[in-house]
Amino acid sequence: MLQQRSSRRHFSAKHLATNAFRELAAGLAEAGRAFYARGWVLGTSGNFSAIVAREPLRLAITSSGVDKGALTATQFLEIDENLNILGGSGAPSAEALLHLALVRARGAGAVLHTHSVWSTILSESFAGQGGLAISGYEMLKGLASVASHKHREWLPILENSQDMPELARQLEAILQRYPGSHGFLLRGHGLYTWGENLSEARRHVEILEFLLEVVGRTCGSARGHAAAV
Amino acid sequence: MLQQRSSRRHFSAKHLATNAFRELAAGLAEAGRAFYARGWVLGTSGNFSAIVAREPLRLAITSSGVDKGALTATQFLEIDENLNILGGSGAPSAEALLHLALVRARGAGAVLHTHSVWSTILSESFAGQGGLAISGYEMLKGLASVASHKHREWLPILENSQDMPELARQLEAILQRYPGSHGFLLRGHGLYTWGENLSEARRHVEILEFLLEVVGRTCGSARGHAAAV
Amino acid sequence: MLQQRSSRRHFSAKHLATNAFRELAAGLAEAGRAFYARGWVLGTSGNFSAIVAREPLRLAITSSGVDKGALTATQFLEIDENLNILGGSGAPSAEALLHLALVRARGAGAVLHTHSVWSTILSESFAGQGGLAISGYEMLKGLASVASHKHREWLPILENSQDMPELARQLEAILQRYPGSHGFLLRGHGLYTWGENLSEARRHVEILEFLLEVVGRTCGSARGHAAAV
Amino acid sequence: MLQQRSSRRHFSAKHLATNAFRELAAGLAEAGRAFYARGWVLGTSGNFSAIVAREPLRLAITSSGVDKGALTATQFLEIDENLNILGGSGAPSAEALLHLALVRARGAGAVLHTHSVWSTILSESFAGQGGLAISGYEMLKGLASVASHKHREWLPILENSQDMPELARQLEAILQRYPGSHGFLLRGHGLYTWGENLSEARRHVEILEFLLEVVGRTCGSARGHAAAV
């Protein structure tokens, strides 16, 4: 009897985890299709993840190489902290290591990576300074824990690399050095941001993409409130 | 009998007000979703209001911090002129004081606040002059009471602030100083405009956002018809 | 009997004209909603017309001041060549005189007026030269009777005016002077183009708006193939 | 009996080819409508093809002059390598010769031609150098067989011409000279790219259009990673 109960409890926990996975995958898929409509994840670029369970860690993440304009919940897989596949279909994105680093370092519940024209352009033009600071815009108040437009948001820029374990180590160092940053840019590659849940992470994408467009279109003039260090 | 009638009349008036609130909230929600699609209210930015009744004042206004891309009539609340909540769900936006100031000073039936890339950029680049004048464009004729493209529209720019009572006082002074203005910019924050009803206010948003984009894209060249005083 | 037949024939011709009006209005409304989605007729700007019958002239044209994002066939009216209203609801646009001038001078079956950001900007920056020439683009081949990208399209620019009879006279002179032009710009006001039917006129809008955007975005650099005379 | 079987087999093969044609045409039509929504094939510009069978060659290709915003599978025709029409309605685009050249030289399963603002602008500004090189962007990794953002993609630019047989010969020479290129530009005319199937070709369109927009918007500044040889 005891064994039976235990098994039942196990099944039930797994069942709940599966439902959580499906719901998170559906929410991430909807966000991905909306980003695609705005031109932020063209050409199968971008990847999205959310925490299914923390102990032990289970992460729902997009399969590699799928078209984000037609993204569905079935194109996600569930991985553990060692990139083992627990469920779902396809292979995890090579960038899953970055997602895991963000989940560990920031306690993020969701991580979103977009690949817009403006984030790409600014990640190049500010690369020499290692990042760009954005300040003075009301939109900054939509970032978690920010209470005034006078907030100075530092978006670090990392050199792009195909060596993901090395990139993940560099990211960990950057996250420690700038504990207040709400996102970062990979050079020539795009934006990463996160939130305690999908809704907050999605809001952060919209806010940072908006601000990057403002900074990008201001270029040529006095560059407004964006500045390197 | 008399008492009964009075009570019935009261109920009936309240009932009508509730229906008016619902219809206005539905209209504002539809406008908000359309603005979101154009990228004018990303990241939960923007807020919208309309008059339910004038004596005593009852205002339908967006709850604070809601996603405008999925805005529904249930995300509005009804407030009086002292920010008391009369109905609906959520908390009123901190900027409700600005809406109330506009309703009082201009007799506006609807007030719309958008937060676009171009209004943000121009609110910075013209901040030193206290505003920008737009003239010579046929689109100006869509503003209430404007009969010719030769009209000169002055859009005052207010310094942004998190002190809303103080900002509301400054706004009142600006509205008195420029009685002909159809809108104003908050620096680094976006556009406010209004109209005698939602339809007119929405037309004013489209017209002013269009003109700001024209002025912004003309920058670098001779700046066309936009000029500081 | 004769009278009865005649009356029947008359009824039948009127009936056919009514059906033609409805179909044309529905087609124009669909075009208007599509232009609105692209931001080419914001703020109730723009107006559209099509020929219902030539002898005597009957023109279906948008009512003045309607929102093009929700345009329906019921927001059109039917006018004769003297601006008399034959049917439908609302008042004809003040610019109906320009539509009638184009129908007469070019034999156009449909006339479309859009009001985009780029047509507005270029109508200002090239106003001093009286127009702009566009040449060297493959897209030009989509204009009626154009067989090569080497075609030189001259888009005259007329000074804007609120005196419509006077503007119509100036337009007639311009149309005579440049018999090969497929459209023209009103300064600070937007684009007019036409076609032998709605399908051709709509194609001309897309082509000219595309080319104006190309020219506008090329500004700052060598201005590509666009030049003033 | 033998004859009957043969005839049945023939019928069956033809039947399969017809089904393949219909499915490919439906997929191409869907891609075309999506490109139209992004403004990449306005004014009936653009054309699309896919291989129905290789031996002997049968190609599904858009009819000439159709509106891509309402493109349906019925607006495609099937041609052989000599431009003979095997089925479907309309006339093949004059540019079918370029599609056939790409199918032969690259073994492409699908060929897509878009006509965007940025490809048009860059095809002019880099025409003097015969092409543009794009390098350093992560988005390049979405191109077939590209493994690093350090990849250098050379997009040749061909002078536009209305002499299609001559243009096809020049294209063949260019394709031989640059065996690694994933696309090319026709000057003042737009982008051609291809893939082993429609899905890959469509991904290539999104990637190259994205990169051209990045390069185009970077112009004025240091031009980022785009350079003429």
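Residue numbering begins at 1 within each chain, and the chains themselves are lettered A, B, C and D in the order written.
Keep this in mind: contacts are C-beta pairs under 8 Å (C-beta built on N, C-alpha and C of every residue); 3 or more make two chains touch, one makes a residue touch a chain.
In this text, all values refer to a predicted model and were calculated from it rather than measured experimentally.
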Same or different contact residues where chain D meets its copy chain C, judged by the half mark: different
Mean-CA-position distance for chain D and chain A (Å): 33
Inter-centroid spacing, chain D versus chain B (mean Cα positions, whole Å): 47
Per-residue overlap in chain C, given as positions that touch at least 2 other chains: 220
Category of the chain touch graph - line, ring, star, complete, other: ring
Listing of all chain pairs that touch each other, if any do: A-B, A-D, B-C, C-D
Residues on chain C engaged by chain D in the complex (per definition of touch): 34, 38, 136-139, 142, 147-149, 199, 203-204, 206-207, 209-210, 213-214, 217-218, 220-222, 224-225
Complex contacts: residues of chain C adjacent to chain B: 39, 42-45, 67, 69, 115, 117-118, 120-121, 124-125, 160, 162, 186, 188-190, 216, 219-220
